[in-house]
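Got a structure for you, written out below as structure tokens; questions coming shortly.
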Amino acid sequence: MEKMTSPAPSHVPVIEGIKLCKWFGRVAALKDVDITIERGKVVGLVGDNGAGKSTLIKILSGVHRPDSGELWFEGKKVELNSPRDARKLGIETVYQDLALVETMSIARNFFLGAEPKIRFGFFNLLDGRKMRQATEKMLRDIGITVRSAHQEVSTLSGGERQAIAIGRTMHFGGKVLILDEPTSALSVHETNKVLSYIDEARNRGLSVIFITHNLYHVYPVADKIIVLEHGRKVGDFRKEETSVEELIDIIVHGIRGDRRAVNNASG
Amino acid sequence: MKRFVGLLLVLSLVFVLGGIPVSVAAADEMTFYVIAHTGPGDPFWAVVQKGVQDAGKVLGVRAIFQGPAGYNVPEQVNMFKAAMEAKADGIATSISDARAWAEPIAEARSRGIPVVAINCQEPDELRGTIPYMAYIGMNEYEAGKMVAYRLLPKLEKGARVVVAIHQAGHVGLEARAKGITEVITEELGGTVDKLDITQDATQAIGILRSYLKANPDTAAIFTLGPLGAIPTIKMIKDDGLKDKILFASFDLDSNTIQAIKEGICIGTVDQQQYLQGFMAVVELYLNAKFKLDPADYDTGRGWVTQETAEIVELLVEQGYR
Amino acid sequence: MDGQGPSPVLESCATPEPNALQKHPFWRSLLHHREIGVACALVVVFTVFFSMQRHFLSAGTLGDIVTVAAELGVVAVGASFLMISGEMDLSVGSNFAFSGMLLAMLITQYNWNPILAFIAALACSAGIGALNGLITLSIGIPSFITTLGAMMFWRGVALYLTQGWPISIFEDIPLLRWLGGSKVFATVHISAVWWLIIGIIFWIILQKTPYGNWVFATGGKRGAARALGVPDFKVKLINFTLIGLLAGLGGCFQLGRMGSMSPVWGQDLALEAIAASVVGGNALTGGVGTILGTLLGAITMASIRIGLVMIGAPAYWYMSFVGFIVVAAVALNVKLGEVISWKK
């Protein structure tokens, strides 16, 4: 039941952030960061701790408002006041710890915040059957076997949970999928699975932004890699232009003067 | 999991077996309930309970005393109803609320269960609205007046006194307070302050102390029962107020008696609540068995002073007064 | 290896497929309902009391139990609803007394039309709940603290209103008969019927509406709910208001049944409501729960009260017995929780 991403002119980037700044008290979490996300591309967002990756995606998903700078979505200027606004546009975010509610069932989690309704006079009731069927289909598509869509999420492994969170996004016709450290707590096998879902998402026309510490995970799937350091963008490469070793070097040692890396808006 | 369920079953069994001695009654043994508006924790009611249980032994019937842990009329009504459903042969209850008892007692009477009232009644203007068969107890309001009259000779015109109530809203206690207040204000032109000292002794001392600090000219303290007397006695001793302030109370307990002997307390009203328990069961029994009509029984307004304290003390220790 | 005989063929262990679709026997799938714990507790309580007093299972007794359960149960439903969303309210007892007093006062001392007085009393009780919510959520104080203060504050207001005296209503007022005065069947008061209706309504809201899903999520993991666009602040605030409303309603029921209301009644109500909720299978920390369980929990508590009187146990036993049941029922619920989430 996935919605196809609605076609916007393909040269228009899905998301464009221009000179985004965010201050927390006197600390600059982001300073003049430009970011461009094209349709159907996977962008890796890397950098050491405190670089501002989390803040940037929170701005893109509506949790924070930027103190200055502009956000454009499919060619139109937007202001995101809450996560709900972002979800309405089709920007879905999967946070590391905040993706699913462990005490609730898979079906309830899947439809959280976007519950299918049956109108009953003045009231809205949950469409239980639709929830169950859609969930079961999604589980089959992903390849997770469970006893029931009403099982608690706490019975699933870490990789399975990530998969469900990602599946949720694809189901709801998201156009942009933002993943915050999706592979950090996973086994090799599960990491592989998650990376393959990201691939699958790209094949379906979604754009993906993928934060991670692990360059070996992101490099294989990414089309573009953006490096942040202390709130500034210090690297913006197409995959072909760089290598894992070079990226590690940049992160550890800072910008090297002889690279045409800074603010290179290639895509 | 299985072990756990097993453990639960064993524990339940323990409760059942432990409960059997409580309830195994010969099929024809008569059962009477005496239900108060409080019970556990109040030394006053422990005497009533003794009266109830002694009557049971003497008459060879099952006599059960019940009461909620704190003053709570709905609770008490629930207990009354449960006693009805248990097909009690007779129920006695305190009329702790002016309105709530009409229906339950009428229901009991309509099922042929005799009902008598003990300890407190509805206000005078409503007498007759609640269909109990007799009242066994004391008239609170009159008792309050009596205490005030006893202290009157020792007080000056326009004196300030404080009435410490340990269960605000309790109909009987409020009536006692009313009696005291009226006598003091009318006969003496004095000021009467009513103080809620709660049922907790530590809090009570604190509240009293603060009051006396704010009103150092207070001439007398009246407490309305042991729950009020005990903290007051302690405070008087600790703060050395023995001859500086008059003190009188209601009901008996060993603390109050001792205080009377020592001269800390001028006197206390003895409600003779043993009778309230004992006679209630007797009257219910006589009606249940022989259809003899119960009669009102005034359990007396004894006034215990230093002269009579010794004898009474003995009886208090034994739990009879 | 060369020269050695064929290595013994090791049978590969049949690895059970994780989460493979196994059909449980019917009785096992019964265990997957959160209410089983309290159902067991109820059966144990009934068995124990019936074995000691054969009148325990009479229609009259059961009617009494349901009537007594109703006043506690109405508040317990609200307490569960709030608890599932991750908060608690200790002020319900004071709210209960205050609202009942207010209704009585407006009718007797100010001669208001009873229906208007009823609406006013409910509006106040809901307002108290909303105030608790606003203070807790806007300032960020734990609800335990806010409602602890509110409990003391509103109790004091109730005492002040009448200087400690109870208020009795002697006229026959139809509203009061409708609220709790009249009996519908043997010993069952109408308040029990209202309680059942309220229970059903809240069950529907919790289990069958999107809002109910939000309640579970807000209590289960507030951050995740918020990240997905669930308005967690609104959800909690609404639930605070609802429990306030129900506490006031409970007070009005009691006024209807008793004909009197005192500012000192309802003091243990908050803890009893919470006890009924957890016995029923609601988690104190939030996120999981059941309204049906709460209804059964309230009935369990009421059964214990009535039963102890009927077997002639000393009044002191009530506290110990309730304590035992609460701990045992919760322990049972915890054990069953493992089965429920399909871990076993």
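For clarity, chains are labelled A, B and C in written order, and residue numbers in each chain start from 1.
Convention: a contact is a pair of C-beta atoms (placed from the backbone, for glycine too) under 8 Å apart; a residue touches a chain by one contact, two chains touch by 3 or more.
These numbers come from a predicted model, not from an experiment.
Averaging Cα atoms per chain gives one point for each, and the point farthest from that of subunit B is the centre of A. Compared on C-beta pairs in contact, A-C and B-C come out with B-C as the pair having more. For the pair subunit A and subunit B, the distance between mean C-alpha positions equals 71 Å. Chain geometry summary: the mean Cα position of subunit A and that of subunit C are 41 Å apart. As a whole-number value, the distance joining the C-alpha centres of subunit B and subunit C reads 34 Å. Looking at the complex, you find that subunit A touches subunit C at residues 61, 63, 82-84, 87, 93, 95, 97-104, 108, 111-115, 117, 123-126, 128, 144-148, 151-152, 154-155. Residues of subunit B touching subunit C in their complex: 1, 4-5, 8, 11-12, 15-16, 19-20, 22-24, 31, 33, 39-40, 62, 64-75, 77-79, 81-87, 97-100, 102-103, 165, 167-169, 171, 174, 196. Note for the complex: subunit C touches subunit B at residues 40, 44, 47-48, 51-53, 55, 58, 60-61, 64, 68, 71, 159, 162, 164-166, 168-170, 187, 254, 257-260, 262-265, 267-268, 305-307, 309-316, 318-319, 321, 324, 328, 331-332, 335, 339, 344.
By the touch criterion given at the top, residues 17-22, 204, 208-210, 212-214, 216-217, 220-221, 223-231, 283, 287-288, 340-343 of subunit C touch subunit A in their complex.
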